[in-house]
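Structures given as structure tokens follow.
Here come two complexes built around subunit A, the first alongside subunit B, the second alongside subunit C.
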Partner chain A sequence: MKPSPLDYTRASSLDHVVELLANATDETRIIAGGQSLGPLLNLRLASPRRLIDISHIDELRRARIEGTDLAIGPCVTHAQVEDGELPDVTHGLMQHVARGIAYRAVRNRGTIGGSLAHADPAADWIATMAALGARVQLRGCRDERVLEIEELINGPLSTVIAPDEVITSIRVPRLSSGARWGHSKFARKLGDFADSMAIVVVDRDRSFVSGVLARRAEPPARLPRMIAALTAPDLQGAIDDAIDSDLKSLRIEAEDVRLHRAMIRRATREATR
Partner chain B sequence: MKTVNVRVNGATYARTIDDRLSLADFVREHCLLTGTHVGCEHGVCGACTLVLNGKPVRSCITLAAAADGADVRTVEGYDGDVVMAAIRRAFNLRHGLQCGFCTPGMLATAYDIVTRLPDAGRERIKAELGGNLCRCTGYLSIVQAIEDVLTEMRGNAGGSAARDQIIANEECMP
Partner chain C sequence: MSGFGIGASLPRLEDDRFLNGRGQFCSDIFLPGMLHAAFVRSPHAHARILRVKKPAGLERQVFAAADLAGVGRIRSTATLPGFKPSDWPVLANDKVRHVGEPIAMALGSSAAEAEDIAALVEVEFEELPAVVSMWDALKADAPLVHDDWGNNVLVELKLEGGDLARAKAAAAHVVERSFRMNRQHPLTLEGRGCVASYDGRLDELVVHVSHQLPVPLQIGLAQVLGMSQRRLRVIAPDVGASFGLKSYVESETVCVAWAAAELRKPVRWIQDRYESLVCDANCRDYHCKITAYADATGRVLGMECDVIVDSGAYSPWPWPAGIEGGLAMGNMQGCYDIRAFRGRAVNVVSNKPAGQPFRGVARPLSCCGHEVLMDAVADAVGIDPLEVRLRNFVQPEQMPYTSITKKMIDSGDYPTALKRAAAMIDLPAIRNRQRNPETDGRLIGVGFACFYEQTAYGTGPFGYSAWGIELVPGMEPAVARLTGDGELIIEVGSHSHGQGHETVFAQVAHEILGIDPHKVSVRFGDTSTSPAGTGTYTSRSMVTTGGAVAEACRALQAPIAKIGAHLLQCKEDDVQIRGGRVVGPSGNVELAAIGRAWYHHPEELPDGLDPTGLTATAGHKAHDPGVFAYSAHAAVVAVDPETGGVEILDYAIVADCGKRVNPLLVEGQIVGGFSNGLGNALYEESTYDELGQPTATTLADYTAPTAPSMPDLKLEFIETPSPFAAFGMKGIGENGAIGPPAAIANAVNDALRPLGVAIFETPITAHRVRAAIATARPKARS
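After this line comes the complex of A and B, so read on.
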């Protein structure tokens, strides 16, 4: 046994989770698939006294259309997305991203909600959800709130989720039929976290254009000048300059600039082809 | 402490365990099934890969308590399984194992590839094996072994027996 002593409780419903979270402190952690928390427990980089397992709650393992959103339960696994078990509201972007997360044995247990709550900046879902304009619904003991990805993430491995809160759904807006996306990820090893990953979504019917760059140690960054260039038709020729200008304002180390530039250009090209 | 009931290779094991016990340590130390190997113990090497409710998972970063009520299949649980028999034969012929430490995990992943991706080619097999590290055999012979099984299954009568086995597995999945 490698983890510090802990007390494990399997929650039977969302109400049960909220009940268990009453008076929760930093010593309490929610666990779903445990593919990020498990290694941290074994290495004793995390040593919570109490684990609440939400992965057996059926209502958190489903996804359904709600209005113009796909509401994804936090315990939906990467493998479920990879296998196309969810309604495809992103023209295959989520399925494409899921396929590149770690390995099948990890994807069989790892969950979307767990990935967002763990908030590794180089992980796939944070940047993807930011690029899609997804929102995260949280439930605490007293109230509920809905946050944009930027509001959720404080920084690397840090979120604003309170000790007594749990993610209840991830709401992904449906892309319109003419929408396009581009995704470009660089990792030295297959399935690894990205050294650099760019995602661009162009949905003109919804007046929605977004571009996100994910890196190892920083929260995902928006690319405002690139988005402005994509939005204004007469600026199309200036996209490469806009990308360079965005990279300059992110104060990226000189040796990394070329990699990030290549990822953003590839994703942009794919989304505008 | 918790009392859990886990079905392993068809037998139910009721054991009182520490909450922090991993599923890998559960099958090794509480079920005395030591075929599941523990390597890196943080989900990187894939040696501990076993089948939980029909799907390959890392047993070193899965808590045994989380597997209460679940169905587990370890490398010891494939008696009479013609798909695994074909995989083992191919590993033997192709020299797909040397020291054998990574082999239980390799077999679990190979079984998943053969049953889930019947059309996989060499590149896909390599990609799917990306989560299983081997330090002595060399990956080439492992990839070739899996390729052989897939070719055999796509081609001849041995393949139809293997397909029957896959259907039988799906029917008894929880």
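After this line comes the complex of A and C, so read on.
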């Protein structure tokens, strides 16, 4: 299929984007890599009147260290992460995740910012960024704001990003040297969206322990009891029970509980080994 | 010039153009002033059409059923008792019977404009309850897909042989299994499409179409369009796979061809993947219940089977939907010596797209039926699945063998094939490994699948001709023409859409005439220039068209030898044609000298030469019962009981397609067929919700195997030449696709055995494995 008629503008700078976004409505969409929006346009599931292409803006395609964070431009591609072009502040977690996103052809064009803004719950970056405690910086016509991943995501395919806002960077905190992570993903086949993905980050020097479960059709879930069990060393033996307790609160179909439990246990084991 | 003939692994000659982007597919064809078509399609599975409203000002660019003057319905018939032909309207006018059924065609100056116009067409519907599953279709109070049918049964077939009562009475074990093979999409790399134009000079409608059967399509399309076949030229250019999909008279092609003739303008329609997944004919969608009556040693004395095929809303032309049930039932006894049989096959209609034969056609179900049953018998008797098969096989010394279902198997050695496959996966080592738990908690299983494939069958008396369907396989022609420079043009009636005909037919020519295959052009796919054959299906082209090419090349030997002997001033009996030359006792001439003499220096020709000259037409009539290829598959899988994921650890295939013309291409056919079979076994499913809405409409939802899904197959071959085909060949096109669902299902169930659960449904998705384990666990504990 072909997209509905629309106006297309290639933005030349961040300021240009903001200028173009002035008075923007729901009819305006930003496009970067186009790996999710492209098919939606062609299937006419999305029919915006106007597309603003930000993929050619150099300042949005860079990543740099800012204080204790790595600030990643939203147009950095999965391939750039996979190829190790970014400073590694996550002991290889982001590189590992990037390698498992779809296929190289998708990774060559697909962007981190696009993935977060599209907010497919089964996509890799939302859960990864949530697990890393990353924050997303947005700029609108009037002001800027910084949001946690949970604040950004409303639900499946839905965010709080206003029509006149654009993601300007994703801020990933640097893990300390002793930090460990675990990542376990199950998809129907290589390159598919995950049926289940668990990410556990244990960074005791920063007193940061997190665990996130990503599924299809549901926003990523934090695993508070599992995190509590991991945080208190004397409760180590109770981790499996804590995981079961977290899963119970998520109300999941019986046959899927096995899968999610396995993913969380495997990620936890990897992060605490 | 050795190493090019029969038996040589010559790399494909056509790959040069495919790999260098010079292939020419339908969507590469652009004609001046071309219009683009888009279709208004039904959003409902079952509804009455109350009104079609064309957008104001664009009425002349939109065509509904009433506008297609002179166009008939697609009616695919059979003479089977009780068979109900469906009247398939090219554009729906009274009812729509599946989501995606075309209702109107919009034409624009670009595909986007055509889609914009199509989106403006308003259709009012009265929704009707939909028949979504085969079980719904069979209910007494089911809605009727075709109002005047009285029920949703398209045809019911029965087949009996031997003394089943005696088998039942003598049985020490009675085992029964059911197997469900869900609906799939054929998923060709290139979708369907066509470009039609009108040639005023020849008063001819030219239809370029992505199709596997251009010659039958000319017949069927002419029928529906109500025009003479001589005024309709069908050209199937390069075609990016078909697997059976692109072998029917498609509504879209009829509409586009009609518009090109009516408007005297070229019209193009190239479908996209969404349209393909929603609207194309589908495949599979079978269920069978099978029962074995076995003696105490595991010898199966009798078998019963009950097959249901959900054929979708319509019967495609030329192959009506009923043949799938007949094929599934008629091959259910497999390669086993079973002497009593009772089968029933019911084909039902539903509010889903038409069912269409797909690589393997119904045999994957037969294979699952007899192979799952063999494992069940082994289990009941307490012997290894390998052993139960060895005890039941038709033995090599019984060949030729007529099965209880009247299949006349020409040759083969099933026990050797299975024993070799078992050795290739090191069965004893796997059985040993199964005794101890795996460190990663996964479960290991082994599964076998043994089957024959009836290939390249002929006109009668069983199968297509007995069913009286629209296209019965017959003779295949070939024309061989030596050119003035001593090279060769071969024209054939069967199309190649991935098979490698351009290579293998050139190899056959080399075998007969010694001509370098690189100097041979193999042409097909254009009804104006190709001889008319029935085409590529039932794994028949190598045997039938290949046989015809051999005959045509042989027919060229006499004039070549005669002219060559004359030029060499020796006796005809003293010359040989070899290495692209005519070789005499004291000298030789190149084929170019023969061509030169014939085409521009007839004064140099000998007297008394047959004036037909250097063009030979020959044909091949297939051995009516066909020639029987077979395979033994052995799968080793690891099942993760937590995720439900299935990994293929090892997979061995021993295949016998008689003499292999090109072992490299045979291997390619098996590996490619395996990827279809792997999709069938583990991944592919066209899902529908309870309203009949398709829910796998993009490749994000329709999961098909990709390169990383493929195991490193171990292949070995047995070459038992068929006594009934040129060079002893047998067909191999579908073989690889038939075995994997059965072998993998048996392996998964072998792995799941410690948990006391089993899965008899494909695809065996991780979700299905987890669901099976989840339901069984509580029982196992109690």
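Note that the second predicted complex is superposed on the first by the 272 of 273 C-alpha atoms of A that agree within 3 Å, B and C clash if a C-alpha of one lies under 4 Å from a C-alpha of the other, contacts with A are read in each partner's own complex, and residues count from 1 in each chain.
Heads up, the rule we're going with is that contacts are C-beta pairs under 8 Å (C-beta built on N, C-alpha and C of every residue); 3 or more make two chains touch, one makes a residue touch a chain.
The structure presented is a predicted model; accordingly, all values stated were derived computationally and were not measured.
In the superposition on chain A, A:34 makes contact with subunit B only, not with subunit C.
Once chain A of one complex is fitted onto chain A of the other, the partner contacts of A:105 are limited to subunit B, with no touch recorded for subunit C.
Once chain A of one complex is fitted onto chain A of the other, the partner contacts of A:270 are absent, as it touches neither subunit B nor subunit C. When the two structures are aligned on the shared chain, A:8 is found in touch with subunit B, with no touch to subunit C. Of the two partner chains, both subunit B and subunit C are touched by A:42.
By the touch criterion stated above, A:55 is placed in contact with subunit B alone, subunit C being left untouched. Judged by the touch definition given at the top, the superposed model places A:190 against both subunit B and subunit C. In the superposed model, A:255 lies in contact with subunit C only, and not with subunit B. In the overlay built on the shared chain, the residue A:79 is in contact with subunit B alone; subunit C does not reach it. Within subunit A, the residues touching subunit B in one complex and subunit C in the other are 1-5, 39, 42-43, 189-191. Interface residues of subunit C, counted against subunit A in their complex, comprise 110-112, 115-116, 119, 272, 274-275, 640-645, 683, 698, 700, 703, 705-706, 708-709, 765-767, 770-771, 773-774. Listed in rising order, the residues of subunit A touching subunit C in the complex are 1-5, 39, 42-44, 186, 188-193, 195-196, 254-256, 258-259, 261-263.
Within the complex formed with subunit A, the residues of subunit B that make contact are 2, 18-22, 25, 41-44, 46, 49, 52, 55-58, 60-63, 65-66, 68, 108-109, 112, 127-128, 130-132. By the touch rule above, subunit A contacts subunit B in their complex via residues 1-8, 10, 31, 34-35, 38-39, 41-43, 51, 53, 55, 79, 102-106, 108-109, 189-191.
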